[in-house]
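Quick one: the structure is below, and I'll ask about it shortly.
Labels run A, B, C and D following the written order; every chain starts at residue 1.
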Amino acid sequence: MSARYGMVIDLDRCTGCGACMVACAAENNVPALPERATARTGLTPMLVRKLSNGKEGAERREAFIPIACMHCEHETPCVMVCPQQAVEVDKSTGIVMQIPQRCLGCRYCMTACPYHARYFNWWDPQWPAGMEKSLNPGVSVRMRGVVEKCNLCHARLHAAQEKAAAAGKKEIELKDYVPACVEACPTGAILFGNLADEKDPVSIAARSTDSFRLLARIGTEPKIHYKTTQAWIRAQADRNPDHSSEAQHG
Amino acid sequence: MFPWVDGFRWTATHIIFLSLFFAAVVIIVATFASAIFRAASDFREHRANEMCWRENFAELPEEERRCRHELAGRVESRICGNAFDCRECANYPNFAAIAANPRSNVGVAYSDQLLYHRGHTWVRPEWDGTFSVGLDEFANHLIGEPDAVELPQPCEEIESDGIAWRMSKNGHEIRVRAPLGGTVISTGGPGAGWYLKVLPHGQPNLRHLLRGPEVQGWLATEVDRLQVQLSAPNCGPCLADGGTLMPELMDAEPKADWDTVLASAFLDS
Amino acid sequence: MKVSRRDLLIGSAGVTAGLIFTPVPWKLLGDVSIWTQNWPWIPQPSQGPVETKQSVCTLCAAGCGLRVRMAEGWPVGVSGVGTNPVTKGALCPLGFGAHQLNWHPRRLHEVRHRGRTSSWDEAQGALEKACAEGPVAIVDGRPGRAASSVLEGFAAKHGGNYRVALSSESRALGPYAAWSGVAASRLGYDLENAQTVVSFGTPLLDGWGTPGRFTRMWSEKAAGASDPELRLIQIEAALSRTAARAWRWVAIREGSDAALAAGIARVLREERLVAAKGPLPQMSMEEAAAQSGLTGQAIRELAHTIAEKRPALVITPEANPAIAALNVLLGAVGAPGGIVVRNKKALEHIALEANSNSYRALVIDSSVPWDLVPRSNVEVFRFAAWDGGGNAGDWLLPAPGFLEELTDVPTAPTSATETYGIAMNLLAQPAETKSAAQLLGKIDSTLPDIEKLIHTRCEQLFQAKLGTIHAEQPVAVAKFESAKKLEERLRNGAVWIDDSRHANSVRCAMKEWPAATRVLPAADWGAAWEAPVLPALAEKLYKESNLRDAPARREA
Amino acid sequence: MAETMLIDRRWIARGAERSSTASFLLWLTPWVLLLGLGIYAAGLCLYYGLNQTNMDNRFAFGMWIFADLGIIAMGAGAFFTGFLVYILKQEDLKPVLNSAVVVGLTCYSGAVAVLMVDVGQPLRAWFTFWYPNTHSMLTEVTFCISCYLLVLILEYIPVLLKNRQLRKIPSFLVFEHQFHKLIPVLAGVGAFLSFFHQGSLGGLYGVLRGRPFAYRQGFAIWPSTFFLFILSAVAVGPSFLMLVVAGAEKVTGRQLVQATVFRKLGFISGVLLAIYVAAKAVDTYIWLNITTPAVGFGPWDYYSYRPFSSAFLFAAMLPLGLLPAVLMILPATARKRGWLLCGATLACTGVLLNRFVLTVQTLALPTLAFDEFLKYTPSWQEVATFGGVIAYGVIVYSLSYRYLPLFEAPKGANKNVSLG
């Protein structure tokens, strides 16, 4: 049977430390960029962003939200628009795969993604002399001029599959497949598992009342769920006009 | 169709999209190819030369497409529509019946024995059935002694209204049109007074060539135009009474726009 | 000529048309696109098999459990150790990029003397000369290691002084030491049993102490709950990471912590919320309210909230008696869920005094945070693996980098229990580097060598029969048949923890209410990170995203 | 008229009046310099990568895409005039036909050139033909544009072969003669192709359900912007053609076509523009009241960010939509050249604004609740590359005007004067 890997991220537990970002970069051989790089040209397949309730002073509340590819299930925007099938949904896992070797770098998928979870390699990937020895085996480095994003640590899935195959099993053991960010989170805020499995903790959590998805009304059915007990954080799920019109202007 | 794409499956959109697209490609390529093939076959069937002439003729300004009967004064004004091929002209006999009323004093000599082509060449039937071809006085006055002459080799074929030979003077290339088609028997040159002896295939039809009063009228208009072209811009023809052309005009008036003059004189584009 | 030109044109057209039907252009296209995928300047990761080693992180005193993935003898990734009972698999964000530190462009590869390239021999000569001429202070950043006793031993034999650069966390325990007479190095926070934690600007959720120890606990006992098992009250002027996630954030005026503490103390005492006797702060409620910017009512409610759910524990980022006194008031010192005394007897470490001009020279071990700049005009020998920029001192001596040095890891400053671990040198130590202990050992060959010291310490652990070794499964020390086996376990990344509870009563004698001292606001980089440089990938946090503020440039 | 002033006389059609070689070169110089700068800037982008631009992960499309959409909309005059002349037999538009072909060719080739710089891996551009994703509007665009560019090149060949020296080569002349007879076929195919890619360029943004500001419902696989783009393109194409010819007349100081041709172009443009504005109004109404609220976005929220106030929305429809349409339709104004050209200018501006809004504003607007409004200014490399394309267009058009019979109507018309 085909799995549907996804996450439930507990925003109440996220302290915004950023361990997931660094762990992700290390796992996926994401280079550190030249001096000129900014928050808008960076390469952060996993990105922790700051939320606020828009108030100031003692009334202000802040929280943090990790954003990675949402692995949309329905009419996946990036897959629909890619002119040369460089993005595709893996039918057996539900993972949205980016194929950098086939990518033209037209960045149409980036404009299509409402979550801004896709990143373009504006620079050649480079490491200080010798540091390439510390690159993670089994994860090829992306060349300049192509788009990349979170592919749920595909190398780890591959390893788990090989392990299962060696043991003569069809299904992988979920404990063998833990994405780097999930592993790194010091508060265990990221729950990872198979949404297709009714009994899997992640699908139970995804069905719970205080879980939600970003921009769910657009209808792309992301497989990354969020969870909070705070009303004001929940309010950030959709773009509520009257909220935004007073909070967002600069 | 795309076995190299992982997990590619034919869908309706593929079939519609690709068939439309490739249909368009095929049409485009086919159009281009057929144009090439048609052109090629034109060359094979010797239509090319006449087509070139007709193309050129179509591009000529009106005053250079005057009907011979207008030149002869038989009719007020008439533009030729048959690339000067009077054999195709339905009205030719009717016009030919009208009495000519040529203009006088042309200012350049011509002979009634010669048949003239609008490209300023003349044709003279010889006793042996061949035809001599030469440049008329007007052309001689313009060019005088050409710097170089590039004549066809004997036994080479020339076609009516095709390029018979090339000359150059003061860096201007002059392409002289053949008044009639046939095989070149022998070649003369500026000195010889004639340029080519041509043996036509079968009985030549010389109806399209100018003769008698037509020549006079034609040369008159040619001289008029020459005057306009040689005189300073924006001032009409001086010596409206004609007068005689001086020889070696090209040397005498190096500053003039000879490019245009020669093109219009030798019916070149 | 005309014909030939035509032939030429037609011919060339034919050739171009024909070319399309040959494989040439297509092959060319394919090769070109393959080339774009393997540009020679793009590195290829090794394909070698990956083996996993377990160890202890040595980048700060916290000693987090570390799992290192190695390929072809090089570290290709680090992660936490889930079985470590303290960190429970957590690492600080910087830790995850640490395996690339050794190739950091600022890595030191040569001995430098006042900016010029020098040699070990010269450095050694200079140090010997200094030792001969007068007292030398040897500054240690992480006391209690095998290396520390080497430094200490050298100091003792050569009329030098062994000094310690205490971390802010250790300094914060100073006041209790002063009041109780128990060495600060024996005190720790019993967070596990606290029910209310009042933090005066301490980055508790941002790497304070042992990263992961408190955060894990918080996420299990507090996160998201409206009435959590563990109440975290953050008293801070700015909305820090910890303040943002705390159960309550009390926003006060910058630097008015002591005033608020005084206010709280008054309420606690006047309203009989605590039994304790002892001095009262002079400051009136009105004054406290005025300074802190809160209303008297707010302060009163705060005090009630603190007293409501005990044990309550107050934590400050720095030594701050005026606030520490609250713990005395709350009876948190020496009580479960408060500030406890660890079993093992430890020596009192003499902190490096502010003005150290009385020495002939200072030898600064690589464990000393780069930011420590002793106000002194004496000759400084600083060991470091990376050049943090700025205060280099006279001698800059390249020390072994991450995973390049065999060392043991003693108890973390904030820990409630004694712990012990061994960090193996998973990488060969570069020839051009020497640790302070190694250099001193070269000067005086009679000094003990670290390997042996570790043996003896394991021997002692084995003899004491206390505590548990935490590997995949925890095993009581008593169960081990030999010290060798125990050491082997530790060398494979297991950690020893003294989980035997001992009630240590502490009596705090506080003459009068302490005066306010200035408290520096905690930096955004709260993690007790001591390496002079950050891992290259850390820039994802501050340059390629807006998550954190860029760390202060040290070049200034 | 002396030889010395016209060194290139022999290449200029006989009898055609052209300015002296010197002044022509003088006119070309600045454009050549600009083109050079553009090529240099593009070179930088290709060599060092797109970090030379000011685009970023959030503004993944920048000035270049706007330029492409704008240029191609303007170039629509080519296929539409061809369609009018050859398919609908509007012979009286023949005089501007060649001109239209040149404009189209430069617009399309220029746009394709910029696209090649815009993508991160130009050497893999052909992958689109190798791994086509037929659901993607961009595939449609790529296929059609590359195809139609081929058509334009072929359509340009006969114009080129009309050059005085080239026609002296019989094979060329004969080929031109034969090819000219088949041009209508190409005109038909060209119309078909550009119809689709003008549309799919609109679809490009209309399908982005992740960008509710751009997202539109539609028929079958095509969002409404697909059809609006076609309409606006054919509406503005003739206007732009008119402006180009008028510009040429201004520069050369000669009247190149009769006023009636302008009138006709203007009228066609105006009528189509009016239809477009009407359709656009309906579409906007549906979008504001149904499409956008359905995905939890407040339509007026889009316009609450400076400078993109709702004035933008109405500007594109009324002063830059309806007004020019009226100007070009009403005989009273259309008769006056000034008003006509003014209308054409407004129309072009309006469509350019529409393209700008769809490309740039879409990316500037926030989607997630915690996004903020983004700003972006192109780097000099982007501007220079764009300028290079403009210069390229001017140069090609000037050369074509000088050496090819762009406006000289064929004299082949055989007017026979009957007897007497």
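The criterion applied here is as follows: a residue touches a chain if its C-beta (ideal position, glycine included) is under 8 Å from a C-beta of that chain, and two chains touch if they have at least 3 such contacts.
Because the structure is a prediction, the values reported are computed rather than measured.
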Labels of chains that are neighbours to subunit A and to subunit B: D
Chain closest to the middle [Cα centroid of all protein chains]: A
Distance between chain centroids, defined by C-alpha means - subunit A, subunit D (Å): 40
Centre-to-centre distance between subunit C and subunit B (centres being mean Cα positions), rounded to whole Å: 97
Centroid distance [mean C-alpha coordinates] between subunit C and subunit A, Å: 29
For subunit C paired with subunit D, centre-to-centre distance based on mean C-alpha positions, whole Å: 62
Interface hub residues of subunit B, defined as touching at least two other chains: 5
Of all residues in subunit A, the ones touching two or more other chains: 38, 41-42, 49-50, 85, 124, 143-145
Interface hub residues of subunit C, defined as touching at least two other chains: 36
Of all residues in subunit C, those that touch subunit D in their complex: 2, 5-6, 9-10, 29, 32-33, 35-36
Interface residues, subunit B side, partner subunit D - complex: 2, 4-5, 11, 13-14, 17-18, 21, 24-25, 27-28, 31-32, 34-36, 38-39, 42-43, 48-49, 51-52, 55-56, 58-62, 75-79, 81, 91, 94-95, 175, 233, 255, 257-260, 263-264, 268-269
Subunit A partner contacts - residues on subunit C that touch it in the complex: 36-37, 39, 41-48, 50, 69, 71-72, 74-80, 89-97, 99-100, 103-105, 205-207, 211-212, 215-216, 218-219, 223-226, 239, 241-242, 244-245, 249, 251, 535-541, 543-548
Contact footprint of subunit D on subunit A as seen in their complex: 34, 36, 38, 40-42, 49-52, 65, 75, 77, 80-86, 102-108, 110-116, 118-124, 143-147, 214-215, 217-220, 235-245, 248-250
Residue ranges of subunit D in contact with subunit A within the complex: 49-51, 55-61, 118-121, 124-125, 127-128, 130-133, 135-139, 142, 204, 207-212, 294-298, 300-301, 304-305, 362-363, 366-373
